[in-house]
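One structure is given here, and the rest of the page talks about it.
As written, the chain order gives the labels A, B, C, D, E and F, with residue 1 at the start of each chain.
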């Protein structure tokens, strides 16, 4: 991708107007992206979610399903994203008592012409929003933070990992 | 709302399974919610976006439209959200050179039976994701942070503001 | 509703062409509908689902979330259904070893101008389809049966229950 | 597919949580699936639909269109289904006076990495729901039954037909 | 509506940025809008469609269903449209041999706070697009024309009719 | 394509009922389509839009984004369109003071088995509808005209251009 070598916002056409970038000439390669994020909450909110989870697992289960389904809506939400035939999406949600809160990690995979970072980021975002929604009755001050791409592979620009 | 007085996750039924809470008996009142968030980026990425903005405004313009449209998709993304006839949605995006990055604020409004925090939060999230998408070719390390409800009004529980 | 007294298919206009029936003059009343259905499967498939359920509950949990979300898509799926601001949706899934299989029951509720049978039926259908999807790798011969309205209340025509 | 040989619910990850199965390594082959189902109704309801059909065909025509459109929504409705570029969808609706009611058969086709049973089943389900919707004013006791996969071909596991 | 008295584009906020106009203070009144448009085609294309129509009516039937369903998608397509609980949508399609082509008229109705012109216009547009799609194999030069609002009623600004 | 040689409406099955045409046997080729259309308005409406555009560009910017996003919804709006993985969509909007009004041109591109005229036409239509929506407060008599395919390339039938 010329993306990396020239500092130009590739979604802007020559005259500066928005357009979906042409990816027709890119090769079909296996592309994977991982993204993370977290929801910070009161310790007692986390305890309530985990206790519920011990019984029927619905907060975490519902948030995971919402995140997976949202990955498939990415091109309908982000104006200049290409519609993609994702071959895999997964979402992991882990409690972190030090935060305190829940940490979310999503993976998206595709054999295709364009990267899947946005799909992984959208999965993380909607998973976090769903956690917020299901716990907001007991904790209005929750905050969603740290949404970023962790790693991506595939495509002309090769593998990339976030410096941490 | 009993939500505030009893520390129970209202989206869980008696047996712990997920369900859309019954809001049929709530009064129709004017409800407003405001949420914020931001995208942290390299200073040169911000400069590029703002320069583009000076020409045709498309990054910020596209992200604002995406955020407004996403607010209307909230109930399709968040499993237990009620479908709502929003009467207003607005999204503001301001540069913050100290961050450096873009700060996003969304407002959602409704005359109805349930709060609109999720709609404001969804607008903020998708606005941030769109900014990420449009600038990712020049800056893969951007991070979305600080997504939270700033204030809400309307409904039985009255007005609420985030302690800051 | 004239619906009940005259045996005419109300979705057909005078000339027989399809149209969304005008419900503008109907009163806003509380309307509730319950629908049921089931997925018939091999006993060992049911055992596998229930064993999975004992661990993390994901087949049943995912199917319940899918059913609730589908109820909100009813007007996008069924051509002549009115878009409705549902105030409640719930889905229950119970194993029945005599079937053998899983029994699904959905409830939809609205304060509005038209009944919510289609929303309850759509929730049941998509819950059953999701069960099928999650178990099809081990049992291709499953069958979805018995999808029907159990009871409805509200509206001019009063309460109604299925004769059983 | 390992699906067939090992009795494991492939949508559950190692730890039992839901995930979209990785199909990236599967071959692109022509895949076809056929599904059936029916709506049982009073004989006079069937007569009314068929009489309407003789005039302008709208109940059956609308239900067919709804079923075809629903097949394209499968991945948005069923949480762990992959988004697919279907190459064909067709829906047939035939009256059966012995039932009495309407029999529905749907076919979905794809050149791709995963089967299309869910698309065919979703088409059948929404076709049946639309028939119910359009006739419910005259017959509330209709029942949707017998939704199942009739045959599938393509993919590593080869052809399969329902024993009947 | 102040809309009519001051020549300002009400979708632009004070600073010129796009926002969904606040309709929360408007009264709930019955609002109706009618829109028209047409597809111009070769006479032999019209003849083929009408001949098909005589058999099973599918071009005109499918286009009508598509238009009705599209009206319900208006707020998902037009960025600053409010989500509305339409109480009625109907679409009429008539041949006009003088054109030659098909004339489309749509009506949308709502008891609510904002007009329904966009819903009627969207229904007409998608009806015309569907006609184009179904006939394009035999006539690529078809043209969609004359899409406009014919009349609207309800709301503070009173009734309005197009001068013709 | 047999489409071109035989004057038959290919979306109708042998018995005249609607079906999504099987494109499974078509070759994957690069396909491009361009479509145009325009919105006719009062000269003062055009002046207001252009003045707004000089400030923040939102009418034209929002309409362009709406058109691009709509292209991705084509298969959800037009009953018999195939879901496609578009590799590029762009929308241009130019003022024409002689009209007076705005002229819209959209391009859609795909490496796949079927043409993308409907995607280009849908982009034009929704761009025009969005312009109408954003300006309707000052000009109710606007009219959308001249929506047609300008050129298409790719596929067995070769290149095609509108005679002008």
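Remarks
Everything that follows uses one rule, which is that a contact is a pair of C-beta atoms (placed from the backbone, for glycine too) under 8 Å apart; a residue touches a chain by one contact, two chains touch by 3 or more.
These numbers come from a predicted model, not from an experiment.
For the pair chain A and chain C, chains touching both partners: B, D.
The fewest steps needed to get from chain A to chain E, moving only between touching chains, is 2.
Path length between chain A and chain D in the chain contact graph, taken as the least number of steps between touching chains: 1. Both copies, chain D and chain F, contribute mostly unmatched positions to the interface they share, with under half of the numbers common to the two. Inter-chain centre distance (chain C to chain E, centres taken as mean C-alpha positions): 31 Å. Spacing of chain A relative to chain B, judged by their CA centroids, is 16 angstrom.
Each of residues 17-18, 56, 58, 61-62, 65-66, 69, 73, 76, 79-80, 83-85 in chain E touches at least two other chains. Which chains touch which is summed up as A-B, A-C, A-D, A-F, B-C, B-E, B-F, C-D, C-E, D-E, D-F, E-F. Only residues 1, 3-4, 7-12, 15-18, 37, 44, 48-49, 52, 55-56, 58-59, 61-62, 65-66, 69-70, 73, 76-81, 117-118, 121-122, 125-126, 128-130, 132-138, 140-149, 152, 160, 162-163 of chain F touch chain E when the two sit together in their complex.
By the touch criterion stated above, chain D contacts chain E in their complex at residues 56-58, 61-62, 65-66, 69.
Only residues 13, 17-24, 75-76, 79-80, 82-85, 112-113 of chain B touch chain C when the two sit together in their complex. Note for the complex: chain A touches chain D at residues 30, 61, 64-65, 68-69, 72-73, 83-92, 109-111.
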